[in-house]
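Below, chain A partners chain B and then partners chain C, in two separate complexes.
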Partner chain A sequence: MSSYEAEGLRITAEPDQNGLKICFLGRSDQRQPAIIMNPWFEDLLPMLSNQHVHVDFCPFEYMNSSSFMPIFQFLQAAANSATDLLVTFDNSKDWQRLSFSSLTALASGWKNFTIEAR
Partner chain B sequence: MTGTQENTLARRIEIPLVWDSVGQVRLEAGMLFSNFEPAVRDAAIMVASELTENIVKYGAPLDGQPVGFVSFELDGENFTISSHNAVAHNNNLQAVQTLLGQISDSEDPRELSLARLRQLIEGKIEGPSQLGLLRVATDGGCKINHSYSDAVLTIVAERKVQ
Partner chain C sequence: MKRSWGALVQWTAALVLTAGMLGLLYTQSRPPAHDLHTTSMRYLQETERENALLIQEALRLRIELSEAYGRIDNVRKRLIDTNEQLYPAMQASIGQVNESLASALEALTGEIELQHQHVEDFKKANSRMMTAIFERTEEYEAQRIVLVDEHLHAITQSKVSSRLNAVQAIYDRAFIVEVDATGLYRIVLYGWSIVFLVALIITLYRFRQLSFYQEQLVVQRTAELDDALSSLWGEMEIATRIQTALVPSKPLLHGCDVAASMFPAEIVGGDYYDFVNVGDVDWVLIGDVSGHGVPAGLIMMMCQTAVQTELQAHPNQEPNVLLGRINHTLVENMRRLGEQKYMTLTAMRRDADGTFHFAGLHQDLFIRRATTGKVERIPSSGTWVGLMHDIESSLPVGQFTLHSGDVLCLYTDGITEAKQGSTLLENDGLVQLIEQSTGKTAEDILESILEPMECYEVDDDISVVVIRQI
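Moving on to the complex of A and B:
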């Protein structure tokens, strides 16, 4: 299992029954979240090649608007690298429903990409 | 709104121009709106947080003090969260005024936000993402007004609480 943690944000990556599951936990509310996350994503991306990947945001507590781009860019790169990419979010959390509706629209043309509300 | 809490409030918080202020404002907003439905409380926290981030990122000392301000008002039907700060650079002021004008003129701020996201992900924009104010208007469900007077930028975000 890989785990990355800094300033209240934690990202884990571990095998599951279908392939690889990546979980976002805690909060992403740093001033420049890309500086923290991008090296983690660069580390993670090679692991996604030819894998069924599930990125789970359900436990995620909050992200600021500065976090949108590094996370969305990672998901786009992940969709290009993985066999397929499933993103899940918690529909009962208002902020997740709203933020990930933007991702749903943004990713409408991405191949190998599915997003589900849970 | 839930329970039998006060349905009016007014609160003004000094914002030192340091990043820790954002977390402090999130806590304050969470307490001020603790008796409201989660959707309203979460929107208030997000709006206060995004406005405070902008104060800290782009603000300048006000009357010689390295601070800005965030105000909360509740009149029973609406909440209003406002930021007040000097602006460090004229180009930042122009950029925010342009964006707020676009939001104000837009029939659907969510389309504006989506267009911005597309440009950002395609690498067509350099500099600040400006997604915070778009998020206040879209996910926050707020009407946004602004003014600039005596070197102070005031941004007012308002939405219904029910």
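Moving on to the complex of A and C:
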């Protein structure tokens, strides 16, 4: 299991019954979140190769607009690397509904990618 | 009858001739019995002769083989003999070489030991010499001190002349003693000390010069930085003025009472709203560039310019088409700038009949219906602009109508993310503020929404637009 934590943001990666589950927890409201996130994502990406990957944003409390780009780029790279990628989000949280609504449209051309509202 | 006899004779003669010819042929084709015997005998004799020859050949080869074996045996014997002769010689030679090597090694070891001994002797001698030098130095020092004491005593006891003489004597004796004892060592030491002292003085002087120069440089650079900073602040103020100047000061929407306000969190923010009126068609746009600061403000300005240009040329286009064109401009400009940003943007076209057509993903639209006093939420959908080309098909177009007294509230996330402690206002809090807002004019409603914000911690730009249908 891998875990990354800094400034209120926590990302965990652990095996689940289907493959690998990555969970976003806490808050991401740094001014330049890419500085924190990108090294974590670079570390995580090799683990996703030929895996069934589930990225769960449901417990994620909040992220600011600057956090979307590094996460978007990570998911794009993950979709290319993993056997298949499932993204789940909490539709009852307004910010998640809006952010992942946009992601749904942006990722419409990605292969092996599924996004589910929960 | 004569003819019959003649034919018979002819036939008989022919038969006799034929028989004779056949007999002749038989005798010619089949050798006589004595010829066969002769041939067989000859063949047998030839075979026996060949056999005899082969046997002779075999005997000859066997003899040669025996001779060869004999020669091989001779060679083997000679080799064994040679080996037997050589082995003791080799053994003897190896023994001699070993003995020579052993004696050479022994000699070498002895030599090394001797050298070690010499080194040890040298070390001991050196140590003795050093001890002697130190002892003698100490002795001379003691002598010198005694002499100095004696002469000092003499000085105190004698007159000035005798003092001078005594001093001279002390000096002479001391100098002689020093030169005798460790003269060369001390001269070198004093020489090096003087050289070191001079070098130290020069270095200190250089450092002093450098320090002075650095101080001057710092003063100069500080002045330059102050100038640059004041220039930058001036430019930032201009940027702020440009941004606030681009936001309409007196927004207009046909048949509506409008109020709007923007509070950038930093000097330049990424919030955007605009009203565009072209003939009977009115447009309202609201959005937010990701991130803050000058890059976000620049992108907001690009968007504002693109919107104005596009709507002045094509006021009746569908909102998703407008956003598609704005998106194209922003994607291209951000690519050129190397910026990784995007923009939430909702565009609304109000037709002459009061119907609003809208598209674009920003924040949910809140309409406080006059009949109920409750807020109706119209979800925002689609995608953001600035991330990829060709998004028109991902931007569904919706519509709504405002009736008299209805209030449409547009906002950016700075207000819904305002915090009291760790609690965000969120959409529910804003809805509550809208429902509780008092006043009849749009300006009053706007003020009553913003007033409670004084109790909130705000980290982001805040923009709020209030449109009340008259």
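Criterion: the second predicted complex is superposed on the first by the 118 of 118 C-alpha atoms of A that agree within 3 Å, B and C clash if a C-alpha of one lies under 4 Å from a C-alpha of the other, contacts with A are read in each partner's own complex, and residues count from 1 in each chain.
Convention: a residue touches a chain if its C-beta (ideal position, glycine included) is under 8 Å from a C-beta of that chain, and two chains touch if they have at least 3 such contacts.
On a predicted model such as this, the values are computed, not experimentally measured, just so you know.
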Would you sort A:94 into first (chain B), second (chain C), both or neither based on which partner it touches? both
Once the shared chain is lined up, is A:76 touching chain B (first), chain C (second), both, or neither of them? first
For A:29, is the partner it touches chain B (first), chain C (second), both, or none of the two (neither)? both
Once the shared chain is lined up, is A:108 touching chain B (first), chain C (second), both, or neither of them? second
Output check: A:68 vs chain B and chain C. Expected answer is one of first, second, both, neither. What do you get? both
After superposition on the shared chain, which partner residues are touched by A:4: those of chain B (first), chain C (second), both, or neither? neither
So the chain A residues that chain B and chain C both touch are 29, 31, 62, 64-66, 68-69, 72, 94-95, 98, 102, 105-106
For chain C, which residues are in contact with chain A within the complex? 288, 290-292, 340-342, 344, 361, 363-364, 379-384, 387-388, 391, 394, 413, 416-417, 424, 426-427, 459-460
Quick one: in the complex, what on chain A touches chain C? 29, 31, 62, 64-66, 68-69, 72, 94-95, 97-98, 101-102, 104-106, 108
As the complex stands, chain B meets chain A at residues 19, 22-23, 26, 38-39, 42-43, 46, 49-50, 53, 56-57, 110, 113-114, 117-118, 120-121, 129, 131-132, 134-135, 138-139
Touch list for chain A against partner chain B, complex: 29-31, 62, 64-66, 68-69, 72-73, 76, 93-95, 98-99, 102, 105-106
